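Down below are the structures I want you to see.
In the two complexes below, chain A is the common chain; its partner is chain B in one and chain C in the other.
Moving on to the complex of A and B:
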């Protein structure tokens, strides 16, 4: 029965033209970034390496490879993808309410929890497909256009060079982590959706929460650094980047297959899972008690 | 008593001139040894130990052509190669034509008793402002060198020789150089905070970087095309 419900929810999602706006927008953004880096990529790399150009011979052409471009693309667009996820997940319950079909739906011989879980699962499938689409364009596209080489990851105070042969699994892990992060957004949007009778409210609320916490995180104010940021989901949503931070040995050489702090990644993953459980728990409790009048 | 003082000065001048002459003669002998190599292509492993760079051990190729062409290439990956690595080529110093050399006594370096020679280029055109070479007199090999340049600061090289000592080519070179802090503006990279930044914040950052080049093989005097150095 659950699979049937899921199929119906997926049909509803992919029947709507706006679902494909997200896929189209992602493809266009990625292609634009790839084009810009193909034309002015050296300037982009120079921005990161300028302070060391006197000391080191910087291999600009080699740094600008498919893996580097893919990380740059993900860095630029993953911050904005929550908006695209909220557009779909924020509409799951409230959209039915505004159309007047929620009462009809709730009258079916399935529990409300099953109904909500089907909607959440459909949102998760949407998120996964969106990321797969992104991976196809950002990774495969960049590799085709720019080729493969070692990956250089620029951080605020250091830079990591990862051997080309040690990169692909990191992208796979990063996409899986990004899926977890975006599922958190989907769960939050679904939660807001339960409390609303129109679609706009949950979508705007989700985007506003993400923006506020991202700003708080980027302010780097000690009071927030010590209290809010360690528990803010926006802090942990960046965990996908952690797969591109490598560890080095005593002699300074990077260790193949290493992650700088795997415990932190595990913690981030658990915190995001905790948020998903919390948002779903609130959604199920509220939806089960909800007086459906429309 | 009067003639004693000028005689003392004259003796000092003669002595220092003799020492300078001795230093130059030693440098000539060392140069003659290094001059046996017209060109080489070497394969090596390069370890980079710079506080803000995490890099794998790279397999590199070093190309050299007389008198001063040298190129270090990582042909199978990305490496940040210090600009001072050009000084791996000792001809940069030994090839100087207009310079003063002064003996600086003996000093034990890398377990070897070395003669210290300080070199001061006289021409303003030279990129090197001064150099100190620690020379193993018995084998006529430069064991250590400290080279100050106009544009890229001071580089220190430590060299150990085994298989290719007769050519004056090291098996291992350790290059130390000054580094600048690496810091991008806040919010540009939007890093994931995995807690390592806070651990590092308390540590004093060393301002010296080090690169270790371990040579595995040399192809000597078999010709190197000029296109390699472009």
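Moving on to the complex of A and C:
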């Protein structure tokens, strides 16, 4: 029955025009960024390499390759994708309540936990498809436009060079991690959705929480750095970047196939999974106890 | 007759508000059971409890001889319902809506049967139209089709005639009778349109402020041996004095909006009229409250 429920939820998601707003928006943004970097990419690279330009002869054309552009695109848009995820996940229960269909669903011979898990799973499928779409445009598109070369990644004052043959798996891993991060957002939006009877509330609440925690993280206030930030999901949502930071040997050369801090990545993954479990636990408990009056 | 629904001492509180209080009733197999009450009387809350949408504060519900809490899935698989305004998925067609709701009930209904259901409610020609293009009456009929698509034995209809025009109300009435008489379904139908209930229900329960006021066969409730009789007179004080001093004192019920209500066998109305006239008390009207509407109002009037 769960599979049937999941199919129904996916059917409903992909029958709604609003679902495709996110796919359209992502395609447009990526194309815009790619166009901007094609036209003015040298200035973009210069922004990061300014301090080294006097010491080294920077090979701008080589740095500005498809992999580099894809990482740049991910930096620019992954922070905004939670809004697109909230648009769908935040509407999952509250949208049914405002539409008057929640009472029809809950009066059917399926448990509320099954119903909620089907909605959560459908949101996860949506997130995965959104990221696959993003990968298609950001990675394949950039490779087609800018070609392949070794990937150069800037980390504050440090610089990581990754061989072209060592890059693809990192993108795959980064997209999987981003899927986990966005699933956390979907779980939170779904939780807010359980408590609301209109679609807008949970979407706005989710976006507000993400904005507040992102600002707290960026303020770098010592008290927050010690208390909130190590546990804030917005901190760990950026964990995907870790796949592009590589270990270096004693001579300072990067080690192929390595990750600079795998323990931090694992910790971030576990914390995000913990958040998903927490949000889902609250949702299931509340939804099962909820009197459906809508 | 087998009991399909058996409710005992059912109560539901929302904070300080007692929506349903100690409600007990039973619905027999094949019956059309009218569930009557004014808006806010507790009808929808009760139906929602029968569908597990609302958790009762106390009491038990048995459907098909099984405890609803323990056998929720088995019971709901054999139950169809529409609750108030059935707003379906507006961005889907009628056929798509029916397909979804039949699968949610655990049944994969073939397209032909879906079309039959739509034909039953008069929507076959609009099967492929999106629900957002439907009128309220059409949505109501589609809601009924979703309740019937998995061929349930028990059908719960909460205010099914809401939003329907006179022709739609007549069609709904005929459909209810068809489901009961021809297909042997058991129906619990809530409504505040009492005249409609009078025409379809064979049993009924009147609920007021969450409490059962009366329950029984419609024919018996409409023709009780003891009727409420309404006496309208311009001289209420003199009339009350006469009634209290004569043999009618025990029949006096209440004074409502300038009318005196008495309870006695309606065969005695001519005799009371004769005595009042003999005493020189003017009588403007003297009539039994025997329509369901009158009966309902007499029971629920503050």
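A few comments on the model shown:
Rule of thumb we're sticking to: the second predicted complex is superposed on the first by the 294 of 294 C-alpha atoms of A that agree within 3 Å, B and C clash if a C-alpha of one lies under 4 Å from a C-alpha of the other, contacts with A are read in each partner's own complex, and residues count from 1 in each chain.
One rule holds for everything that comes next: a contact is a pair of C-beta atoms (placed from the backbone, for glycine too) under 8 Å apart; a residue touches a chain by one contact, two chains touch by 3 or more.
Please read these numbers as outputs of a predicted model, since none were measured by experiment.
Looking at the shared chain after the overlay, A:109 reaches chain C, while chain B stays out of its contact range.
In the superposition on chain A, contact of A:246 is made with chain B only, not with chain C. By the touch criterion defined above, A:292 lies against chain C but remains apart from chain B after alignment on the C-alpha atoms of chain A.
Using the contact criterion defined above for the overlaid structures, shared-chain residue A:91 touches neither chain B nor chain C, since it reaches no partner. In the superposed model, A:4 makes contact with chain C only, not with chain B.
Set against each other, chain B and chain C differ in how many residues of chain A they touch, and the higher count belongs to B. Looking at the shared chain after the overlay, A:163 reaches chain B, while chain C stays out of its contact range.
Common to the chain B and chain C interfaces on chain A is no residue.
Contact residues on chain A toward chain C in their complex (touch as defined above): 1, 4-5, 8, 11-12, 15-17, 99-101, 103-111, 289, 291-293.
Here chain B touches chain A in the complex through residues 47-57, 72, 74, 77-83, 151-152, 177-184, 186-197, 200, 209-210, 212, going by the rule given at the top.
Interface residues of chain A facing chain B in the complex, by the touch rule stated above, are 48, 51-52, 54-59, 62-63, 75, 79, 149-150, 152, 154-164, 218, 220, 229, 235, 238-242, 245-248, 251-254, 256, 260-261, 264-265, 268. Residue ranges on chain C touching chain A, taken from their complex, read 14, 48, 51-55, 72-77, 79, 81, 83-92, 96, 100-101, 103-106, 146.
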